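The structure's right below; bear with me while I get my questions together.
So that you can tell them apart, the chains are marked A, B, C and D in the order they are listed, and the count of residues begins at 1 in each.
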């Protein structure tokens, strides 16, 4: 099998060892898969030894990072702010390891071997709101989140701001699935929204988004997801609102290779293509009638808003309170 | 209204089917905590086989076959090797979760969800009229209804049913009546395996037509709870499963309705609190009728 | 006697070996390196000080919760709500810890632990009272309270207790003042050992050396006889539910004040469930639970270490734990017993054919 | 009407000799661990006769019955019915060949209704066939009518009085037209009229050619009904099936016990001017299960006095006992123990004041079958006991008491369920008749006990009261009541219908027991 490589074989290859630690599982086409894509590209190019570790239990963060440090990995990439305490505790113990923290807050006291990268996540959500509000054939658009977490709350509020800024008459129906990997429940939640007249949905549901896409295919509707495009959703997924993690991971690793890598903080946003609302390349457009017709003007509106944000004429709200 | 009912039935069907399996097992005296795992293995097998062969019938046969094998292993462990049924049940759920994902990686190369075009037949085709939403129900919802009726008839109206039930309430009586308790449990576990294969099929093929890792997300444990909540009777189990479906449906609606008034977590708590309330109410009713609560772990160690 | 002891040790060892061989066989067939896995399991759980530290770190919650569960099971109460009880305990201790705000640790830490124990006990008694007063099945209610506690934790870590550090996008609580922590993030320290030793000792004494312990086991086995003997079953039930919830709450406080230092939504999602396995594998006795907790703690440490050194996907590693749990309670009776021994066999040793234990949750007598 | 008429149909006309069945056991051996419960038992019983098996508690009678019935797999030996060998350890195999076993500890599931239970034991073809509720009820009613048992087919087994359950056990055995019928201690739970009725039925069955095996304890019953008597001792056959006319009572007793039988207990004369230990006024309590509610104007028992309660089972005995023990609340009235009012006191309080109980069903109210002997013994808290449990001392205390009571046990750590019924009873006595005892409520204390054990129990109770303890003795055995009681109160419908003092008038008591009832 493709995955059947022995540890012994790897020891013979000379490249650096890199581990990616994510709290979410791979396979849902979401951020984790994007990071893996970047990792794979770097691996092919630089001959790295790579490993992906799923740390789905938040109480294992420290243990996992410590294990990696002890195994003398050269580079460890971790994702999301949940790792802040773990890195603070572990990174100083292993100064020879270079730690890259994606989707992190800037540190008050910087660590000499840690680079943090934050994403302006509100912007894609805002743009999705613009797209949805312009494209909708009715007066309702929807938001589906995975779990009610501060991060999802912030995305929701950005989406609502985008909708409001475009057309105050459009109403946003938002709900959470309660689970990052329950496509069946995701389908049910989306079905409820669609039955209430929603025709464009922003789905930030991780693995549950699969169900949202299915519901849209069944009942007619368009979906904006945070996942990689796939053939399966080609007829309803119009856009992906996401952080370009693959780009970041690849760039960071190439800096490590070139020796230009240094600790500190980096912001990825619309201006440097760190985040974006991307047009779905695969979109075939068999989804809802009304919205499809309005897509071209909608994309124009999105582009305008994008420039507004880059030029700081528009500020995207950041609000982690519940919705 | 009709929409809500259909949504609830859709949400309830997988739980319902698995709970019927749990009911049969519990009637024979086995607490079946492996429902979750069997549901997952059923879902995986059905999707994997349809992806590879395109044949729904073949997939269903394969899913049932796989679940029968697991059920026989369950039986061997608890009856021949005297392992603890609760631990083996939990372990089957753990192993199935890991095993299906591992198989996903090994066979399909990644952990990503696998999609299939196979769809379950939807027997009612009411394109118009107030009953139109019923057309969304798959054949397995009707199977669940039929199995419930069959279970009522078999359990209370045939000697088979009596012989099955006596194994759960009084083993000594069962043996005195010449019932082979061990083999009865094998049969019951196999029946539970088949029910779970159907439950997994409904889960994977009804709407999402895909398998993604650990997609049961605790529905098997809910099915186990439904057996207890339903007082280990077919009608009660059906009612409890529909109640869980309803809780799902109402949960989403109240999220939209109570938007911004109450933190969403408190809305999400409602189904669980309602279940506790229902259990307490059932206990009160049972107490009125003089039925004593069945609980003990004396024989666990 | 001694032969029995030896068998008592050999049996789980052989079962674990069988499970490992079985899973290794699968790995081998799929082309993974078997030696790397074996090395990884040992290196991750026992062979180095840091590995042993990891083993202990994961033993602690399993042990504390397993002890409480064992006592509840012994009394015939199937309290499966340890997960939720741990969460509310952790939240209660965290609230006290944050309230502490520079006050003397000798005041704050004990107060936090008392709060955690009380909160866990109250959460457990919610299910317990429904059971004792109304007869509502505690499996259902305690499991449902788990879900409620999960959501409460989710709400508090993304609401009132949420960390204000940074942009606050993670569902993480404020951190406890470093002065209050009872261990570093390794989760191994003298205070934690003392707490565990005390918990084992208290449980052992309660179960074996007190009249309440005797009453607990008799109420669980035969409630009617207990009533005729004047045992206050409701009182015993309250003690048992309170004790098991308190233990789980304590585990939550140890987590908050020990390795974690703050709480994150949905932390340790499997530990309540594994603690049930630990309690049952440990034979519901204090020492048995200690050994079982060490074993499953080591397994957890190993499975966290394996992905660092092998290419196995996480699911492949989980498979190993699953298969071990599957086999761990099997007794070594040969699979194929000769059903029809030769007639007039000169030697003996037969028991009745269907001597298997009833597996249902039934008391030895049905309460009247 | 003969019970078998309806079942045998034309075959009912066959003569005794033609129909007679034989049951042969050859070299049966059963072992539990290293313990031999049966050892080389060979015997042959013929149909058409009432074959009685006797033996001490733990002699192996139940084990023998279970081997024949297929519930217990022997390690060696064979069982044949009419030359056809029975498969080992298969109940269905034995039942197919016409062997039915009626257990002393009933085998009808308490959760089932009468009709369901009878259907469960039916061996007719068509187990998968649907039946209607009515058909089930009609079938059950027919079976009940044939055996003359009057119970509601829809009643739950658990709600029926013991007598009815006993009768139902026989009904369910007869439904499948047995050729070999084994009744394990069927008389133990029956009151005298019930025993008479049972023996009539047994006689009829034997006359129809069935091979009947009856396990009994009381010699008077043996001589009343037996055509052959077989004696087991310590798992061995010490008397092959023999006409009881050929063995004297004395010899039979010695064969059973293995030595001369002990003398019956000497009960001290009723105390004069002794202080009243138990006083109750205007007792009224609700019905307990299927037992009648009680309505008792007053009751006084003095130190050293034994008051017997006679009555047909179900006439308030259980309600009275439960009210005195404190496990069921009183509706009205007051109770004092040694002058201390205990009307609303908890069971624990009562026990600490010296109230002790020998419960109705030792396996339900008496012991935890899976608990060890010492735990079952230590559960009764003594005045010297503190909150901790001195295990070593408790175990020592348990061993001492068990040895003093001649309990047959291997270790104080073995589960109580391993003991034979008689030994369980002695365990309970050893626990209850101990320091601090002031008042004993004894319900059927010798039920199911063998000669020696019963005598020992009675002697112990007599000794206990001799030293100033008061006792309330509930028994279905009039001989026992006459032997021990100073006074006898007859309960009928929960009311006292007569109070008698020694010498007792059997006829008058018998009349009082049925007074107030229409028949």
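One rule holds for everything that comes next: a residue touches a chain if its C-beta (ideal position, glycine included) is under 8 Å from a C-beta of that chain, and two chains touch if they have at least 3 such contacts.
Predicted model, so just to flag it, every value in this text is computed and none were measured.
J.: Count the C-beta contact pairs for A-C and for B-C, then tell me which is higher.
T.: Of A-C and B-C, it is B-C that has more C-beta pairs in contact.
J.: Distance between chain A and chain B based on Cα centroids, please, to the nearest Å.
T.: Centres of chain A and chain B (C-alpha means) sit 34 Å apart.
J.: Rounded to a whole Å, what is the gap between the Cα centroids of chain B and chain C?
T.: Centres of chain B and chain C (C-alpha means) sit 26 Å apart.
J.: If you average the CA atoms of chain B and of chain D, how many Å lie between those two points?
T.: 45
J.: Can you list every residue of chain B that touches 2 or more other chains, as numbers and ranges?
T.: 104-106, 111, 169, 175, 180, 213, 263, 265, 268, 298-299, in rising order.
J.: Residues of chain D touching 2+ other chains?
T.: Where chain D meets two or more other chains at a single residue, that happens at 71, 90, 110-111, 370.
J.: Of all residues in chain A, which are in touch with two or more distinct other chains?
T.: 1, 3, 25, 148, 322
J.: Mind giving me all the chain pairs that touch?
T.: According to the stated criterion, the contacting chain pairs are A-B, A-C, B-C, B-D, C-D.
J.: Which bits of chain A are touching chain B when the two form their complex?
T.: Listed in rising order, the residues are 1-3, 25-29, 33, 148, 173-176, 178-179, 181-185, 187-189, 191-193, 195-196, 207, 210-211, 214-215, 218, 232, 322-323.
J.: For chain A, which residues count as touching chain C in their complex?
T.: 1, 3-8, 10, 19, 25, 51, 53-54, 56-60, 62-64, 66-68, 70-71, 73, 80-82, 84-86, 89-90, 103-106, 118, 147-151, 153-154, 318, 320-322
J.: Would you mind writing out the residues of chain B in touch with chain D in their complex?
T.: Chain B residues touching chain D: 153, 157-160, 162-163, 166, 169-170, 172-180, 298-299.
J.: Under the touch definition given earlier, write down the residues of chain D that touch chain B in their complex.
T.: 69-71, 90-92, 94-95, 101, 103, 105, 107-112, 116, 119-123, 126-133, 136, 370
J.: Mind listing the chain C positions that touch chain D in their complex?
T.: That would be residues 208-215, 217-218, 221-222, 224-232, 340-341, 343-353, 364-366, 368 of chain C.
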